[in-house]
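Same chain, two partners: chain A is paired with chain B first, then with chain C.
Presenting the complex of A and B:
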């Protein structure tokens, strides 16, 4: 497929410096027409920075970029778009205050007699999104649709704008298998037409499924470019981390959970999640499995009181309790690490340190500030424990790489030392190394007697740490799996068949 | 925070109709074409200012200088027509260039120096007011015959209403603004900027150009409002139109535009202006109420509309559709 030696895009010696850090050090990247090129590396390795430097979103400090043999110098996303490079940046999605078709067509709207042609815009939006299996109203505000749909719209926009190169920075992080399938088929169509696609992700299965070659970054340097047909996943992981990684296996010792700490009976909220029962014991991890929109996030939110339940009873350590606000949950030593870190989690302009102690301070009350030394001790401890890569804890958290923001958010909740910790997609956007660390962290917390509820779309991960798995489907709990039943196959089967609760 | 912007617009329109009906049921003469004509004439300069303010607020900014710009414009015109022999139309053109450039300059400072619009336009407000004082501290009458000609352009409607040119200019400005905001790329970029400037940048919106243009439009329309005001009063006075920027902001908010930017309609602002004018008219008709009641009612309305926006935002975010509802199952 790649016998033509002329690259579409060739970047040489790309440098990027931030105050106090070298983010990219003489990075080379070559893209051939018709290939899917994976860009891999740990959190903070510099993948997103490379993309931003290539497309002009950042001003690069050195290096040249050639497109089809001629040097280009895009000074901003507009110019790179004009050159035919379409990009979906990590995190920054789209404009929630505008309609779906506005988002898809912003900057290249069809014009008729000097005025925007809304009718054509809406029609074409429908057509384009049909290709991704979406049948939605283009005139509605983007904010009225889920994150997954927004992500698909962002991809569709980049695809439409890219004539030569399409860059996708963690596009599939919030997508389901079915949607990923559609995105991949679009990508295959594009490469068949001779386009080059850059694909950044932490899901190695997806990398091997769709990509032809991979370039691996470590600490801002390229450590290798490989043809994926020649290497194994283990090789790539070793290249990324610089050392070998043990495969995560299910631990056998899930035997002895303690007393029941939280008991929910007929708990639910109309329109969000059908009534369910849950007995949560100390020292166990209850996994929530299911597709996107199956009610995983809703379950987490109802338990934490982000939305108050309208059915059922809750008992905490045998005492009836009303969990109708996060404030109460926080007082009772619950923690919830939410799924959508951009809107529900981080406070971008506050420092990493402030973000980490936010919840702890909130529980203490703002009138009783934590001691400076104590804060530093907590922050240092978690930065070390979770291996958060940063120049200094004083830097605004928005400057951290996506995965490191996620880790800082996790640190925030761990710092409150909760009795019950709810994690919604704790490993989204986290690299393989940190992924393994978080899994072992969950195990450690469980052994220390914490009760955890973890929602995840990754089956292997659930299998690795869950004592029990609740399978959700269409906002309803359909099955509970325990002990020997917890295998990837069983979970997948329960999700797809929706066998009724035994 | 998201909400349904259209609903807010409809509520503003309904409020206007309701207020009109209530006023009319007490004072049937309020339904006359005379009242309507006066509503447009008396609020023309404020209406024009509010159009510019809508652009600025939609883009996520604020412009506090407009009241001073109007006063400056009045004094500038009065003095230049008194001192020189140039034709008022030339003076108008000159003034519009000055105020547009002034707005553009504020926009450049806001963008390139990354200063908060509040501070920059506050400085602009003092600067313009100061310049007006420098030109003249007294009220300067305008006696040019061309002003009489303009004032004689009147369309007499059945029922005794006299629709003047300046009201027409205001309505025209709203129509043009609507077309620009909804039917041009620039207009959509204004909304994008107000939604999130970081996202808009990555989506390819020319942030610098859009920001500067938005404030230039604000300044230009304030200059036009100044011209209209000088026609309306036939004078220029440096102490005039103090606090008009706040009235304009109030009209924009009552019109359903979100103060944080990115959401709203210029048509809403039009009804915001009409509602405020209506309250004033009602108080004049009543005769016993102090004119300060206007401020009190507007204060109450503002509060009510902000609460309403909160409620709408809350209602729409709760109704977010999950992925599984709209993905076509294959």
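Presenting the complex of A and C:
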């Protein structure tokens, strides 16, 4: 029933070149009204480039775009919106410090006698959002609502302004299960009204849950478009990577961790994380599990000294220490890969090379610069070991894809040869291939005797590499799971039961 | 490394050459330099000499701006330093004592700014605005509201004397520029300053001591401002608390901007800022030499600077880039296929 003969959007032979490299190579994409079309591919495969070329954010170097049978040539997102193509990005592109209705109507506010008609604006906002199953106060600041609701407001705005094609670029990356449900019900509603939705995500489960068809990109080429009812997840992954991916299995050899390296007793910070105990031994991975906002990130931050604890004691190899700044943590051979790569991790305009050696250089102090030969050796070593894909180590790191940025950040900390490495959501927003590589890297580091603390929202991942799992809920440690107890079911149960399970 | 620096400052070099040729056009004797009474004379030497205060200020301003900050107080610090130096020599002190006292005053001012910005997290523009206003008051207190004149030979030499025939201010700004450039580029200081200017949170999490670095850049700014203040005072043989360095912070910021450094912080080039300072001074010189009535000065200066900034704007740069791309497209019209083949190989392996 989906394959109605008349496509709403047909892009043919889209080309895009970047400084001598081919980003898109004769890409075709056809959208039918009422379908959810997933756009899949590894980081750097060309998904975002394709979207930007379609909406005119990038000037495409070849190909045609037809909307309802007539050729269009949008020269920017605003123009493509007028044609009927709306886009919602992963980071909600709205103004948090303005009201919900301001956000919905910004740029096309209803006007009465040359003045803004706030009453009408609020009324219509209420009506529109009701259509999305939201009953919220349009006069409130957007920031007072959850990311999911903001995301729905963004979708509503895009739909009101465009109405034919909606492009969702990783709309669910920072949402929990319930919130994803909310966004999905909105999407189903829209497709029932005949809109075509392009859905970009890294979560294959979600792809199969909501999408009708999927187009897979690899290295800027379309490698296939599939009807999802005809294929399995494995088929899609194979298309994306060009080879089978080993299922992440739990390794059995977690038996013999070494000496205790870090011991925290009653450690905590008021308003951030309730006091907790933690014994970390060499050669073990302690997983931090919990829902969004359960205190995973806060635990990582308090251990690394990003915020200093106001409760409890810390001992490093039996010696009491005070961890109250990242600089001290760095000196004591701790490392932290933060959750939010863009704002807390990368230094965007510095080169990949400089980003990799940044922490090592910071620990040496500015008076003792690393020798050029040493820098090259370190950078070459980690680019190779972690398979960081780049044109040159001199390119600004912000030009790398998410997975490669994450690997470069890992390289930054590995270069400091840490004893304790804290990874906060190391696999968020990166593609399947890099995902598997990072998991096997965690395994490898553990086997080499490093002590790791890994926070993740992906249970399977925690089960795969953790020696022990600490379960957090409402900014409180509620349960420690070890050995045979580490299964997805047990973790989920502990999270949902909270303290009663302890 | 040298090649990269050259490419970076090429636009500034071209603009400087154009403005210098403009000077030549309005005054054919512009490039004439002669050696008289053990001193170099000529309009070109004047540009280098008169440009010294702004050149010195631009060194510190470049570093401050690289950290996403700004230092509005440098003009006032110049006045303080001049007043301190003058009061030391009128009180019977030697020129060296006076210089050291003035530099210490500059460092104290820099410390004040740096602590406000780095530890109390006051926005740089506000933090340094305090000293911009209060500093001139401090200078007036030191000079007791008068223009404090002096006749100390040693001190006057710093502003009006020569070293090996070259006017002392030129030697001072060239030496300071070279010294600071070498220090920031031969050590890791430059990279770390750029890192905190681009993303301070990430830099702090990477273990960089951003507070110390922030205080350092304001210290450098205060130091070079004090040097500039001493030069200006020595030049007129007196400390004028009301007018010394007046509005010069704006010229310094302009020099940094003409040098192609982003006010949003990050990548910086001191050499480019120094060229920016020379461009401003050459513009002043054109107006002077053209014999235009003085009331036109500021307007013409503004016009020339607008032209320079428009030429450097991203829009025009992009147009020029496209123009060049078009010109060279006759050579290779087809996109390079090599990178893609390489990419495919990488994925396969």
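FYI, the second predicted complex is superposed on the first by the 423 of 502 C-alpha atoms of A that agree within 3 Å, B and C clash if a C-alpha of one lies under 4 Å from a C-alpha of the other, contacts with A are read in each partner's own complex, and residues count from 1 in each chain.
Quick note on the criterion: contacts are C-beta pairs under 8 Å (C-beta built on N, C-alpha and C of every residue); 3 or more make two chains touch, one makes a residue touch a chain.
Model, not experiment: these values are computed from the prediction.
*Asks:* When the two structures are overlaid on chain A, which partner does A:480 contact: first (chain B), second (chain C), both, or neither?
*Replies:* neither
*Asks:* Just checking: does A:358 make contact with chain B only, chain C only, both, or neither of them? Give me first, second, both or neither.
*Replies:* It touches chain C, and chain B stays clear.
*Asks:* Between chain B and chain C, whom does A:347 touch in the aligned arrangement: first, second, both, or neither?
*Replies:* A:347 sits against chain C, while chain B stays out of touch.
*Asks:* Please indicate which partner A:89 is in contact with in the superposed arrangement: first for chain B, second for chain C, both, or neither.
*Replies:* first
*Asks:* Contact-wise, after the overlay, does A:279 reach chain B, chain C, both or neither (first, second, both, neither)?
*Replies:* Touch partners of A:279: none, neither chain B nor chain C.
*Asks:* State the interface residues of chain A toward chain C in the complex, per the touch definition above.
*Replies:* Residue positions touching the partner: 17, 20-22, 25, 218-220, 242, 304, 306, 326-327, 329-331, 336, 338, 343-350, 354, 358-359, 361-370, 389, 391, 412.
*Asks:* Taking the touch rule as given, give the residues of chain B at its contact with chain A in the complex, in rising order.
*Replies:* Checking each residue of chain B against chain A gives 2, 4-5, 179, 182-185, 188-189, 191-192, 194-196, 198-206, 262-263, 316-317, 319-328, 330.
*Asks:* Using the touch definition up top, name the residues of chain C that touch chain A in the complex.
*Replies:* Touching chain A from chain C are residues 186-189, 191-192, 194-195, 198-199, 201-209, 213, 266-267, 335-340, 343-344, 346-348.
*Asks:* Which stretch or stretches of chain A touch chain B in the complex?
*Replies:* On the chain A side, the touching residues are 57, 76-78, 81, 87, 89, 92-98, 102-103, 106-107, 109, 111, 115-116, 118, 133-136, 141, 143-146, 148-149, 157, 176, 178-179, 291-294, 474.
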